[in-house]
Structure formats: C-alpha cells, structure tokens
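Only one structure is covered here, and it is reproduced in the block below.
Per-chain numbering from 1; labels A, B, C and D assigned in written order.
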C-alpha cells in the first residue's frame, strides 16, 4: 500500500456513508442521516479537490496517465485479472471533482427537498452508494473494474428512480432504465471480452499501449481478424461503445432516460444530468487513443450516433410539456454533442481539439444541467406538478430560482460569456474542421437548444400569471438555495477555466481559440431561438397551437418521441414474451416434461396391457410354463448354439 | 463316524428333534397356544444360535450329503428367517387352532431345504425339494375357512406337481445321457449335446419355477395372496433363499461346463423377470400380491449376480438373501400385524398410517427402501454388489437394464411410502399395539436392515466363507 | 484435522434429534449441531490453509483410508482439496440457515429435522469422499430425505413432485452406477478416485463411460433436458427443502460432473465438450426465457436455477482453467444465493400465504428486512458486481472466451445474453412483490423474526464474502482445478 | 418282438404329453392330478429304460423310480386333502370355479 492510498478514500468515504446509513439509518439516524451523508461527501469532495490541485499544479506540463495503485481482485488467468485500482489522468481527476462537487450540491439540496420523507435515511444511503460507484467508475484502472462500477451505478440509478416504490410508474421507469442499460451492457461485456482477448490484458495502461502501437502483435491480430466484414478491434470498440451509448442515452438506447425522471428531482440532477449519463462519454474518452489511432471507423460511428441523438432529442424536447422530460431530452442532446465531439476528434496536438472540447462540455454541462434540474426541482416543489400548464408567472415567487435558471438557460443556449458558450464553440470548431455535415447538424441543434430551453424558461416564469392553489410557502430553505447559487456561479464562470491547458489527447496543452468570426453564427442562431421562444411563450397566446397544427405530422411524431417506445414495447412484449418466452415455457411443460411423464405413463399403460397374462387359471400357467420350456429348448438347441 | 454324522448334520438333527418334540406334544396331552408358542420361539432361537457352534466341513454318505461353512451359514440364514417368522406372526399363530401342525409342516419344509442345500446327488435333491414343497402347499391352506386360501394351496400343489414332472423328466434325460445322477460325476460327462441341453433346460425351468423366474412365475402372486401371511413370508423369503442357494451351487459346480448356455439363458430370463415383475408390481393393490411381484423382480436382480459365474457372485447372492430376509420379513411383518388386527391388506387402506402408527410405518418404509436399494439401508449394498458382480462379465448393457429397472421398482415402493406418509385418510387404521414378540422381531429386522450394510465385516465374513 | 468429524457431527446430531423429547429440544439440538458443523467447516478451511501455507502440496489433504469391503477393494477413503472445502462451507451455511428458517415447522418437527440433517450428512460425505463407492452411497443417501421432505411438508402437487424428483434422480443414479462399474472394471478393480485418476482408460471406454457419468450427474444438476424435476421439486418443497435441493443437491451433480466424469475421463470430456456446451447454453437461455413467463415465485427461482446452473455446466464444458474455476464458483455462489432466495420466498409465503407474483405488492412497506434481502438476492441473481453471482459468471465468460473459434464464441454470447433476460424476470418479480402499491390485506404483516433474520444475514454474508472478495475463493479453488487441467492436458 | 429302448422312450414321451395334455385340458381337479401322475409315470419308464438299456451297471435309475413312486403318493395325498378342502369351500372341484386370484 503506497502513499497515494488516500485517493481511494474519495470513493470509500461515501461507501462508508452508505453502509452506515443503510444498516443503521432507519433505527438511529432517522433525522440526522442527511447531515451525516453530506459530511461524508464533504470530506470526499475536499479530498478530491486536493487531489486535483495536487495533480494539476504539480508540474507545468500535463502529467501522463498514471496508476496510483492496484490490488488484484480476481485473477482469471495468467494474463487476465481484475485489479481494483486508481488511475489518475486529467479526465479522471476532472471527473472526481465534478462528481464530488455536484453530488455534494445535491446532498445539500436534498436536505431541504427531501425533508420529512419517510425513507429519508434510505435516500441518503442510496445517494452515497451512487456517489461511491460513480467515483469508482471514473478512477478505474482496469477495463473490468469500470464494468463493475458501471453496473453499480446502474443499480443505484435503479434504486433512486424507483425510490417512490409504491408508485407503479416509478417502478416501471426504474425497471426500464435498468433493463435497457443492461441490454447495452451486454454489448459492453462482449466488447470487453473481445478486446481483452486480443490485447491479453485488462489493465488500461497496458491495453492502450498495446492497442495503439502499430508494431504490437496484439494490435495486428485484432485488426487482421475479421468477422462479418468488420475487424475484431472494430467489433470490440463498437460493442463497448454500445455500452456507453446505453448508459449515456444515445439513440436508439435512450428510451429509458425520459422515464427515469420519475425519480426525485435531485436524483435526476445528479445521476441523469451531471454524472452517470456522461459515463458513456467518459468511457469513449478513456479508450480514446485506441479509437482514434487504431480504429477511426469506430470513431466515425460514435460521431454519427452522437449527432443523430443530439438532433432527435432536441426536436423531441421542443414538444414535451413535462419540464423534467424537456430537461431529460436536453441532456440527451447535450451528451450527443459530447459524443460527436469525441467522434470528430483525432489524436494528437491541435487535431485533438474535439476531445478537449468534449470533456470541457462535459464539465460545463454538469454545472448548468445540474442547476437546471435543481431549479426545476424548486419549481416542482413549489407547484407540486411537473406539467408546464400548471406553471407560469413564477418569477415573482421564486426569485433566486428564476435568476439561476436563467443563467443556466443562457449557458446551455451558448450565449457568451456563460459556460456553455465556450465549450460549445470548441465543439463546433472541431466539427467544422473535421466533418462539415456534422457541423451543420450541430449548428441546427444548437439553435433548437436555445429555442426549447427558453420555451421552458418562459413557460415557467412568465407566460400566464400564476394561479396557485392552496398555501403559499417560501422558495425552499437555505439548503435548497445554496446549491443553486453555487452552481449558478459555476454555470456562469466555468467557461473561463483554461481547460485545454490541462486536458488534451496527447498531453500537450491546447490554447483556447475563440474566434469572433466563427462564433457569430452559432450565437446568432441562439439568439434567434430565444427570440422565437419569446414570441411564442412570453405571453399566453394560441401561437404554439397554431404552429403545432401547421407542423402536425412532425409535431405529432416528435410529441410521441418518434414512436421509439412503441417499437421497443412491440419487440419486448410481442416478440420476446409471446414468441420466445411463452413457447419456451410451453415447450418445457409440455414437450420436455411431457416426455418424462410419457415415460411414466407408458410404463403404466404397458403394465395395464399385460395384466391378462396373470389370468388366474392354473392350466394357463402350466401352458406358459411348457411354452417357456419349449422356447428355451429350441432357442438353445437350434438358434443360440 | 458317528461323531462326524452328528456334527455335520447338526442343523438337520436339531430341526428333527424339535419336530418330534412337537409331534409328542400334539399326540400327548396337547398344550395351550399361549404356552406352546413361546416355547417354540425359544426352541427356534436356540436352533438358530446353535447353528453358530460346532461347525465342520465334510461329506457324508459318499457324497450324498455335503457340508461346508458356506452351507452352514446359508442354513443359519434360513433358521433366522424361521425364527423371525415365528415372532412376527405371533398374533396369527396364537389364534390358529393347529399350531403344532403348522410348525411341524414348516419345520419339515425347513428340513427339506437343509437337505436340499446339502445335497450332492440329483435323487437327494429331488427328494428334499419335494420335502420342501409339499408341506408348504399344505400350509398355504391353513386358513381353512378362507376360499382363497384353498385356491392358493390348490394352485400351488398342482403347479409344483407339474413342475416336478418336468424336473423329473429332465433328470431322467440327463441320467440317460450321462449315466449318473451324482453332482461330483456329472461335470465330467457334460459335453453339450442336444439331449443334454434339453435335459438341462427341463431341469433349469424347474429351478426357475421355484424361484419364480418369468415366465414360470405365474403361480407366485396367486399363492402369495391367498395364503396366510406367515406362509407367504416363509415362501417368499425362506423358500426363495434356499432355492437360490442350491440353484447357484448347482450351476457353478455341476453345470459349469455348460456355462455358455446358461449364461445367455440367465441374461434373457433376468431381464424378463425384472421387467415383468416390476410392471406387474406397479399396479397391485393387495400388499401381499404387491410384495409377491416385487420379490419376483428381486429374483431378477439375483440372477444378474448369478450370471457372473464367480465366487463374488455367490457371496453377493448370499449377502443379498441375508438382507432380503430382514427387509422382506419386516415388510411382511408389518403387513401381518395390520392384517391380523384389522383385516386390511389393501394398499389404499394404508393411507395416513403414519399418523396413527409411526413405528410400523417407519419399519415398513425402511424395509421398502431396503428392497428398493436406497441407502443407508443394507439393501443398497446388497443390490449394488449384485450388480457389481454381474458386471464382472463386462456386459454393461445388461447391468444398465438392471439399473434402469431400479427406477421402476423405486416408483412402486414409493407408492406405499406415499400412501403411508403423505396421503390423507378419513378413516386411517387405528392405533395398533403389536404383540411384544412381533415388536421385537420388527426391531431385529430394522437393526438388520440398517446394520448389515453399514457394518462392512458382515460381507467380509461371507466372502471368507467361500 | 480429522475429516470423520464432518460426518460425525451430523450423525450425532441426527441421533440426538431422534432421542429428544419435544420440538423445542429438537430445534436447539439441530441448531447446535449445524453451528458446530459450521465451525468445523471453518476450522477445516483454516487447517487447510495452514497446511498449504506450510508447503504441503499433496493433491488431497487430511486423507484417511479404511478398508470397508476388502473383497471389492472398497475403502472408506476421505480427503479434501480446495474445491471440496468450498462445497463443504457452502453446505454448512445452507444447513444453519435451513435449520433457522424451519424454526416454525410444527408438523412432525422431529422427523423434519432428522431428515434435514440426514440430507446434510449425505452432502458432507459426498464432498469428502475419494472413493467412488462411498461417494455414490452418500449421493444416494439423500434421495429419501428429499422425497419425504417434499412429500410430507411440501405444498401444491407435492406427491407428484416428490415422485418425479426421486425417480429422475434415481435414473441419474442408475447411469452413474453403470458408469462407475465401468470405471471399476476397466480401471483395475478399484473405486479409488486417486488411483483411477492415474489410470489411462482407452478411448472407446472413455467415450462410452463419459456420457453415462456426465448425464447421470447432470440429472442432479438439471442438465437440459433432464431438468424437469427442478421446477416441480423446488416449488413443492418446504422452504428448507428447497434451499437444500437447489443450494446443495444440485451442486452434488456439478461436483460429480467435474470431479468424476471430467477428471477421470478427459478424453471423453473432450469428445463430448461441444454437446455439453450446446446443452448448457440452451439451458441457460431457455431457462431464462421460461422463467420470464412464470407467475409463482418458487417457479421463478426454480427455472432461474436451471439457467444459473447452466453456467456451471458451461464452464465445465469449456474445459479451460478459468472457465472451470468459474464453474465451481458458480456452484458455490448459486448455492448460497438460491438458498437465500428460497428462504426469502418462504418468509414471504409464510406471511402472505401466496406465492403468486400478481397477488402481492408493496411488501417493502410492511417487511422492509425481508424485502431488502429479497431485493439483494435478486440483484445477485442478475449478476450485480459486489455480489457472488457476478464473479462466477464473469469468470465463466472470460474462461469461455479463451476459445477463439466461432462455435465457442457464439455459445458464450448466447449465454451472456441471459444476463439481460435475467434482469427482466428478476426485476419483474421484485418490482411486483416488494415494490408497487401495497394491498390492504397485507398491511398488518410483520417483518422477519430473529431466526429468519439470522438465517438471511448468514447467507448474505456468504454472498458478500464471495462478491466483494472473490480472491480467497479463487485461490482456494485454483490448485484443485489445476490438477484437473493437467489431466486434461495429458491427453489429446 | 422284445421292445427296445426306442419303443420304450416313445411310449414314455407319449405318456408325458398325454399327461401334459390332460393337465392342460381337464377341468376336474382330480383328473388333473391323475394327469400329473401320468407324467410321473412316463419319467419312471424313462428311468427304467435308461437303466436297463444304457447303464445296466448303475442302479440309480431304479432307485429313482422307487422314490418317485413314493413321493407321488405323498403328493397325491396332500393334493387330495387340499382338493377336499377346496370342495368344502367352493362346493365344486372344477378348476374353473377357483379363479378368484388373478391379475
């Protein structure tokens, strides 16, 4: 155990919190579990910041990928083993900070938001479990370790989505989220198996070294082998990407994300906006050298999946009326941005801009999207509804929420100088340089983004005057406001981080290049989107309906999320249940088991059929006797000599 | 000489002494059953115990009578069986008006069996076989008022007379072909000519008849069902055992030169016996009839071991018969207690027996498990050794068929277990108090069922006798 | 350490149960015996580790050999290696838990516990036997207790299930018996496992005997298509019976497949490996799909057992070191997991008096402990990391992947697909029972008793011990598997 | 002409089958018993014939015959006793009236 073991405390502290609260929370910490959980996380966050400071300030250049320590957890064979370890590189350290920070915000926010819940301790236990898993995921030093924590974040997500377990819709959403991502994980698992088989290792450092150097035998065999027209490496990477796409809600595996909004809103902020859903992006980034150097074809797929997801989600987001769903689709769209940013990137130097941009966007997105969700949470807390039609004119009642929400909206819309602007510009630049088609799609999407975000903003805070029924209560206590303010500062200022200095593909710092000429078009588009939203939603009018009517078929299919859910339902219910499951069960009961029963029944039947042999007539017995004698005599004298 | 005679023929002599004692009691003043029965039980116990002492090997009357330690042991098994029957059926015996006659018949049959096992000559064999059969037919009719009892006796005497005819015809042909009826001289004369094969088949079928090998088994079930349980148990255990002993020694010693023929014959008949016995046992309702068919199937397994033509086969058979004595007598013992107290012999009426009579149920269940060959009962070892012995010939498919037959047999043994333990019954058999001596015998049987297998020296002892 | 202790303790406990006067005594005697056995198992583990650490590299440790039937060259030959110790630990865990969850059995308590202990006795004896004859003896000894446990204390169509189970297992035994006799006579008249392992049987013999032995043991471990006793048997059995059946009895078969069939007949194993792989891949997927359609909790777990045990067989069929290690891990893991699953189902059934998924809902509210355990074990079943199922399944997958040809690849992928289907049915079951709105009639239900809690915690500890720290199990099993691999490598 | 071995064996075989036939077909129990006696007598004839023509030096056949006759008498005695008892309970000595035990 070496001196850097303290890094392992970052995930272990939340784990300790989980164990403590999970086992004893209900009996001993009925009301104090929130504080306890938050304290554990505070310590963890402080450590993370310290680690980041230590890491980034240590030297002038970016420190290369290093493995702080490992422990062999399960030795499969001589070469393959699961090692639990800590891997430090710029992106993992960045993620440590993001995860602990957002998680801390959510912990604090939940002190107010979840107060009085019956399962308050359980809630904090689950949050801690999630944080532990997520931290474990980002610092994984081993491909299988990442898979392990990948599954653990999946299950924490399940637990938190299904937190209101007696609500059938929550249970259904939790199941859906888990099963869809599980399906994607199947691809991930097989991808791991293929990749580990070719590379002969599961350790990231060795793996990347072997799979990127053109001389290595492992890489040669992985590229030359082919199955169904694709090389072994491409298969491996695509399948691993399938896992990432599932967790990051990329088209067509995104269907679980909107439903996942059934969970408590702070959970959505933490898991389904800031951290877990970007795990897919993180995974691709983690293996980025392999993608970029050895298999550009797979990276191309990543780019297109990201781009398509981004635009589809943006279109759907324009039509949804549940504010959390709008945010969910927006998340999906933004992750699409990150994904295709990775996809259009190359390895090394300036060509690796997309990679940096993607990570940068991940960083800023975490801030403003968490903020949006927490703000939405405050709104929902206030009006007790998720539907836009129940809202409007809330700016007077929720001033802090209003301001921070506006900041976040501006950030996501890419209006300078808010955080989103910087990261989005870099992404667009990277796309522009490498793939014009994607650039135009991205441009269109970013305009849409501004539109639907401000549609949301205006519908909540402006539009029709508030008609609140029941009691008027405050905006939520200090616990809820503090995170909003802190995240608001983040969303406003995070863009000024010299990100490229720290994070790049090959370790050489990148200069940030904001070019007024290049930025003009996207910003202008953003403004157009905002103005359009203002025209439609600032005041209660019938313009939106008219517009919807004029776009009827497009609107309808977007409203119904392009019927992808129905397609899935058809495949699972009709095909899997009715065409596979039911016949399998029937076959088992009737054919396989039937054969066993048939053996028994036919024995009985034979037994019944021959009972006449024992006729009760002594003379017949004697005839059988003599018959036996004669048969035996003939048999042994003549036949069987 | 006289000394030799007394010691070598000690089993026969003690039985004869008891026989005459009973005769004197009968023609003298007579005795009440209450006093006579314990006396007989004690005498039989002494008879059994005496079998362990003063044993010697030797030949008498120029080969007419032989005695080896194996033969003495076999006789002891039979003695044990008779003693157990006298205990188990105490309830029935006490009520029978002709108690001395019953035991006189039984002991004469036993005497016949002793001579049969020891016989060294076909004439001696024939005489002792008849001595072992005819009294049993009379015993079968011992429930004088019951119609089925006399029907059973009639079937038995006619069938066995017929089989005697076949046997004798075979012997006469064998005599014609070889000119000798002595076991010692026969092997040298056997050359496998058609006439000899013919004679052998006739002889063989007579054994098959007594052992209830398919298709010569048809009398068995009817006779077992109709006879009093004491007789049925005697028939199924003692008679079967003794015939198995003489059968195996005849085949191994006398007909060794014709092994190629009787091996195939046994394989064919063993399979038929196991299959038919099992198939018929499946659907029986009467417990006695059920046990009859189950014992037919058991004989099939004995044949598997006999087919091996090896000393291992002999010791496996003797071992199995010993276990079979305990298991089958325990089963018949429980059946006898229930039948005597309540008159019920139908398996369906055993439903819910466990609720009222746990002891009887456990004994019967253990006995059935032992018959099925399930550990930890001794039957497991017995049956396994039979099959192992059979496999020495490396006819694996034959052993496979035998092993598969164990499944069917387990099925019908479980049927009774199920009735006793699991099925519900509105009118279960009431709580019974078996006679103390029956209780004792059931305990002995249970101990035998469990310990004969687990105490591995028993088998070792038998092997050493060989 | 004297291995006779492992069969001595249950024997004494069984006799003490028979001699005891009332139900209370019976329970405490059984619990004491089971606990003593658990302690003995741990002592064995430590003694084993110490011996190994001291450099004792013998294949089997703590060997002892007593002549039993010298005429047949049958010896009471005992000895353990890592694999057996893992199995013994498993048995001890399940036994203690089984005793605890049966605390409230009122009907014929004495007989119940006697049979339960007898069942355990058979399992212990089986795992420490090095002589095929006594191995078979101990295998068979459990048939009757199983039959009676299901038939007397079971539910549903119990008589039918009990019969089916006994007969199918007897059928398996019959095949094993023939295979065993074949080994005996071809291998120079010896039942001794170690001695037989030094023999090299000729190819024809191996090709004939291997299927007999493998299918025979396979029936015990639900080899497709001989698995149909599993759903009926498991679902009809009383809670402790199901725990034992699925947790241990099925493992007897897996252990036999590995230790007897594969180890002694390597050529046969290679010849039939592909068939085994196909059958087990079918069992895994088909079992999972069949589970999806079940409505009764016990049927769900029974079918899922078919699917899970398929992984063991798949691992054995793959014939690689890693896959076989995974196979044994899966046996242990599934043993603990399924025992806990049945225990929890039993607890739920005792309270709600139904096992139909559709009739339940929201039980988390009234019995949080039971519901949480149910949840965790469900997660273990679907292979969540940190719980035992994951470790075993992944080891099997990685091991299977060592074969580079398309056939093995497809089989592995097919098997891997089951993790999705498993998620579907487990979440369905969990979602409908412990989650969702609660029904009025269940509002009054109580959470688990102390004995149920203890049982659940014990088994949970097992699941977590493997799931969180698999390395100890891996290290324990490895040398044993290596021996089998060497034997496999010695033939072409 | 003095009868030779073949003639005697022929007669004995005929007797055997006549006995067997009688046993198979007669309904009366006493007649069936008599048929068995025919079989036994055919055996006796065999023994005597073999003894006289083939093995004149060995008297086994002769002794066998004597014992068979004796045993046959004993058998008949018991059989007739049983038949009498059967008649008491069944009021008939027809074999077809005693077929209660079957299957």
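Operating definition for what follows: contacts are C-beta pairs under 8 Å (C-beta built on N, C-alpha and C of every residue); 3 or more make two chains touch, one makes a residue touch a chain.
Values in this document were obtained by computation on a predicted structure and should not be read as measured data.
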Worksheet, complete the sentence: Of all chains shown, smallest offset between own Cα centre and global Cα centre goes to C
Worksheet entry | Whole-Å separation of chain centres (CA-atom averages), subunit A against subunit B | 77
Worksheet item: CA centre of subunit A versus CA centre of subunit C: separation in Å?
Response: 36
Worksheet, complete the sentence: subunit B and subunit C have mean C-alpha positions lying a whole-number Å distance apart equal to 42
Worksheet item: Any idea how many Å lie between the Cα centroids of subunit B and subunit D?
Response: 27
Worksheet item: Can you list the residues of subunit B that touch 2 or more other chains?
Response: 154-155, 158, 162, 166, 221-222, 411
Worksheet, complete the sentence: Touching two or more other chains in subunit C are residues 167
Fill in: Set of subunit D residues in contact with two or more other chains
20, 23, 32, 95, 98-102
Response to the item:
So the complete set of touching chain pairs is A-B, A-C, A-D, B-C, B-D
Worksheet, complete the sentence: subunit A partner, complex, touching residues on subunit B are 154-155, 158-159, 162-163, 166, 194, 197-198, 201-202, 204-205, 208-209, 215-216, 218-219, 221-222, 261, 264-265, 276, 279-280, 282-283, 408, 411
Worksheet item: In the complex formed with subunit C, which residues of subunit B make contact?
Response: 312, 315, 369, 374-376, 380, 384-385, 387-388, 391-392, 394, 396, 399-400, 403-404, 406-407, 410-411, 414, 417-418, 421-423, 456, 459-460, 463
Practice prompt. Over in the complex, which subunit A residues touch subunit B? Could you list them?
Written response: 600, 603-604, 606-608, 610-611, 613-614, 616, 618, 620-622, 624-629, 632-633, 636-637, 640
Worksheet item: Which residues, counting only subunit C, touch subunit A once they are in their complex?
Response: 164, 167-168, 224-225, 227-228, 231, 286, 289-290, 292-294, 303, 321-322, 362, 364-365, 368, 379, 382-386, 390-391, 394-395, 397-399, 401-402, 404, 406, 412-413, 416-417, 419-420, 423-424, 427-428, 431, 434-438, 469-471, 474
Worksheet entry | Complex interface listing, subunit B residues touching subunit D | 122-123, 126-127, 130, 134-135, 137-138, 141, 144-148, 150-155, 157-158, 161-162, 164-166, 168-169, 171-173, 175-176, 179-181, 221-222, 225-226
